[in-house]
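Labels A, B, C and D are assigned to the chains in the order they are written; within every chain, residues are numbered from 1.
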Amino acid sequence: MMTSHIPLLIPATFLLAALLIPLAALLWRRLSWLLAVAATGLCFFYAVKGLAHVTTAGRLHYHLAGWQPPFGIEFVLDPLSAFFSVFVTGVALLALIHAGRVVAHEVSGVDMGFYALAMLLLAGLSGMVVTGDLFNLYVFLEISALASYSLIARGDPRAPLSAFRYLTLGTTGAAFYLLGLAFVYMSVGSLNLADVSHLLPDVGDTRPVLLGLSLMVLGIGLKMALFPLHAWLADAYTHASSAATALIAPIGTKVAAYVLLRLMFFLVDPQYLRDQTPLPAIVGCLGAAGMLWGSIMAMCQKELKRMLAYSSVAQVGYIALGIGLASPLGFIGATLHALNHACMKACLFLVTGNFRVRLGHSTLPRLVDDLRRTMPWSAAAFTTAAISMVGLPPLAGFFSKWYLVLGSIQQSNWVFVAVLVASSLLNAVYFFRVLERLYLTPLAPPDDTDVAAAAATREAPASMLAPTLVLAGALLVLGIFNAWIVSTFINPMIPSRLGW
Amino acid sequence: MPVTHESVIPLLAVLAPLAAIPLILLSSRRPNLREFWTLAAAFTACGLILSLLPGVLAGRTVAYDILTISPGIALSLRVDPTGLFFAIICSSLWILTSFYSIGYVRGAGEKKQTRYFASFALCIGATLGIALSANLLSFVIFYEMLSLGTYPLVIHKETRESYRSGRMYLTYALSAGLLLIVATAWTWALAHNLDFRPGGFLGGVLADEGAARALFLLFIAGVGVKAGLMPLHSWLPAAMVAPTPVSALLHAVAVVKSGVFGVIRVAGFVFGPATMQAFGLDTILAAVAAVTIILASVIALRQDNLKKRLAFSTIGHLSYIVLGVALLSPEGFMGGLLHLANHATTKIALFFCAGAIYVNLHKTEISELDGIGKVMPWTMAAFTVGVLGLSGVPPINAFVSKFYLCKGAVSSGQLVFLAVFLASGLLNMAYFFPILHRAFFRPGGAGLHGHSEASPLMVVPIVIVAVLSLVLGLYPNALVHFFDLARGISQSVMAGAAAPLAGLAP
Amino acid sequence: MKLHQALVLLAFAAVLTMAAMQLPARGDAASPANRVFNTRGEPVAGAHYISHAEKDAATPNMVTVILADYRSFDTLGETLVVFAGGIACLFILRRLKP
Amino acid sequence: MLEIIKGYYAYFFLVAVFCIGLFGMMVKRNLMKKVMGMSMVQSAVILFWIVSAFKDGATVTVLDPARAVEDADLYLNPLPHTLMLTAIVVAVVTLGVSFALLIVIYRRYRTLEEPLLLEKMQ
């Protein structure tokens, strides 16, 4: 039966592809791209199948080498991990299809390395999602981290330094996670997530466990770019090649958010955590601060990629805010926003890639309204995603914010409500600034070379346009069918201890 | 309980303008075909809306749940008398405005006409959605769509001034939308229900006075921006940089009336008169509206730009409706509803005239209007009808609604507001009559030679709205039973019961 | 600035030290990680490996058994990290012909 | 007091190493020294785990015919040792990748001093 192997198959396929790509590239350079797309497509298919199985027939446990959980490693496809693996592989598939041309354009000559590392990145990320073992999670975390450090190191001349900073901070984050895990392991004696959560109520003195958990949250917060641990993100995303950014930005932080959800809702009793410790409140407040800070910083940027990077800091804040609410509505908001933001950010970064390939830059003041005519579809996709980011119905972004507002009001947390409102307005400010440049005649006469470049350019090729448009369409579909998504996929994953 | 029927007609009515958008965009190179889609959508939408009228008059409610958009909340449309009332006004005036628009944009040689017509269709679709929304969340969704759809129209001229106005408009509209979302979420947290109900559904659940006031203020701030309540009004005069048909239909009817309609929904169908009274919310609303009426009229006196003067007049008249609602008496409520319709026909006539003058003579300031009554007799005759109506002179329709508003003020025993209505009527005359004086009794300059009436595409709609105002003044119940509808609605809201409309059918 | 950072780190070190003192002491054979049965009476992984490794894999070195059998997937991950490092160096260091 | 020092001195020492490593990463301006700090942090965590595996009177985790495997107290806990083998490899590879990055940076800018680097990048 193939279905029961799905938890293993997803990361294993990526690993296999990573091993095959260097060999394939010896035969024919283009084969590495094809192989990467095929492997991701296959994994997406597995993930969808897994999600269907989990929704109808219950969760899948896979015991590697047949050893029972506390002794061996376990992979689990439960509603949460199945949901995340579907959209992580789905967005990655679109980003990789799009990457074909961008890689040839921006990091030509090392495409084999790019695709092999992309496969390792996805192996790591999908492994983090499916694994049920806290140490195995660390191993996958490091695989994905190493791959993303090196993917980010190629780009403009400043890329290696920003990758180095990312590496030092990311490694520190992983060290924090491992130290926290040591505290938990020494107090509980197990590494299996389900086992730990089932033994925790017996632990008399929970202080080391809570400190361990805080250290793990700190480490994951670094990976997730939770304010004020976001310093690495803007430089890393800006200087890397568009292909690498488009692949890492939408899903890297989301998987970190997934781990945070796992730790704070499944490892410990979320209600205990909320009522007895300040940890969720801290995470929520940092999220709120990040929403404001990221939005304000995004407003000041002239470079589209950098603006989007700061916007990511803000959007990660939304997820953290939902997690910090530690309530069913907060959980729904955080999960749905992870999905929505992955699609929105992917769409925006893909359009940026289109501009870079066709115009050679993505600097805001140099975009002119001729693009509206010469690249209409890219501009339309950008508009859709931008409006969704601002949170206007019926696009997807509105609904995740809606659940977050509902959750904040339910707890009478008016500060969070105010921050949500303010951050949406700030989003509007910086996204409409871009839209004005794309659609309206500029007031100051623009540089002639820019006008000529925009007028002479053509719409991006189909292999780049199709993924962009699919994502833009997905935003509308996700928005319209959000209630279905929530009731079919997200409700079953809410931990029963939260009382829903 | 009124019988509720399921029917896709309301959905089709909302979708008709929205479906026209891709067709308009696709036929951007063939202007005649493009305009055909606009007109086709306008007639379809209006026909569908009117086809619902007999059923509603007979006391049937038609509803359609499109889909669930949040657990427990559906995106749903329901044709109750209130919604239908507003939908009829919008959809029928859209037909006239479409003809007028074609004449206007071609006459004025506007650029990016495709974007203009597409945005216009989006706005109308959203407004019909607002009118027919069955619950608050659906209302919010269409409300936000409307905000977004109006933006391209406001910045249409693409000048520095229009960009500034566009940003201002967007800031106001989006902030208001967010406040409305928060208010809606709060309501859901309190009542676990968002369906509009005559007489309100918050009655039993609001206990704390502070919370009630805060929630109400959030709501009023949310809808009050579009309704031009002071001090949230300043986007409206700024938005007058838009082409005149936009000012006419959107900034005198659809957009601003959506705000006022929101006030009606919030006051009559979410809070309900009893709750409003219990927490003193009616006083807050009435005070804001009264201040707005007087201040807007005074400011209008000082405007020389014709469209700006009309804009401030609009702000004042919108608050008539709000004040009528806030009086919490059946006559006041009914007068407010009637004014919603009557102000629409009269004000749109005035804006149409302003646009015709601009396209024909390129004049925008009142001080330039000397003697144009002889050049454009039909236009200025229609203008006169509108002016007389808004000043409250019988037999124009706005007299009827003003009469009921005054009656409402008397019957609720708040004579202060009667004084406000009367004073404002005088102020209306004070800022409108000088225009007539200039147009008809001052000699025209040399610049007027060789000019005559504007194109028939513009003049005919102008005359039609003027005649409409007159007919509705003489026979308030003519054509679409506005009078019966308004009376039924106000009774049902005040009684807090199901609509006792049955039996009113002709 | 340096002083500021040092103070933050000192505070952090103090918190870590305080928490470490709540951990089982070094060498405690009865600590949750080292004992044979946990609070629910189920076998604990560490001790289980000691007593079962020889039986399960016929190898005297328990670490080897865990590494290559019980938790062999971690080891696979470990080798992949090495692989990733290799590819990464290739990707980063490769100079392109202009 | 003596009891505490005997039971916990290793933890205190490792916490100190961890924080010194962090301090180095934060304060040092030379990228190579940052890497050294990073390495200290990783080593501290690895040793922390190893300490947790220690049992008084136990021996290394290789089967000793004189000691029965049924008595788990006679052998050290093998699990942390195994895990740390993996962690050490990860640390080494991270170090390798960071060196690769430093090589690229040095090739391009001929320095590893952060202030100088930032100046040259302007």
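Throughout what follows, a residue touches a chain if its C-beta (ideal position, glycine included) is under 8 Å from a C-beta of that chain, and two chains touch if they have at least 3 such contacts.
Keep in mind that this is a model prediction, so the values were computed, not measured.
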item	value
Pair exhibiting more inter-chain C-beta contacts, C-D or A-D	C-D
Interchain centroid distance [CA atoms averaged], chain C/chain D, Å	11
Inter-chain centre distance, chain B versus chain C - centres from mean C-alpha coordinates, in Å	68
Inter-centroid spacing, chain C versus chain A (mean Cα positions, whole Å)	26
Multi-partner residues of chain D (each touching 2 or more other chains)	18, 22, 52, 79-80, 83, 86, 90, 93-94, 97, 100-101, 104
Overlap residues in chain A, where contacts from two or more other chains coincide	135, 139, 142, 146, 149-150, 153, 160, 185-186, 191
For chain C, residues that touch 2 or more chains besides their own	16, 20, 23-24, 31, 33-35, 45-46, 49, 71, 74, 77-78, 81, 84-85, 88, 92
Arrangement of touching chains [line / ring / star / complete / other]	other
Complete list of chain pairs which touch one another	A-B, A-C, A-D, C-D
Of chain C, residues touching chain D in the complex	2, 5-6, 9-10, 12-13, 16-17, 20-21, 23-29, 31, 33-36, 45-47, 49-51, 53-54, 60-63, 66-67, 71, 74-75, 77-78, 81-82, 84-85, 88-89, 92-93
Partner chain B, residues of chain A touching it in the complex	387, 390, 392-394, 398-399, 401-403, 405-406, 409-410, 417, 421, 424-425, 428, 432, 436, 440-441, 443, 480-484, 486-487, 491
Interface residues, chain A side, partner chain D - complex	135, 138-139, 142, 146, 149-150, 153, 157-158, 160-161, 163-164, 167-168, 171-172, 174-175, 178-179, 182, 185-186, 191
Chain B residues touching chain A - in the complex, by the definition given at the top	67-71, 73, 75, 140-141, 144-145, 147-148, 155, 158, 160, 163, 167, 170-171, 174-175, 177-179, 181-182, 185-186, 188-189
Touching residues on chain D, where the partner in the complex is chain A	18, 22, 25, 31, 34-35, 38, 41-42, 44-45, 48-49, 52, 79-80, 83, 86-87, 90, 93-94, 97-98, 100-102, 104-105, 108, 117, 121
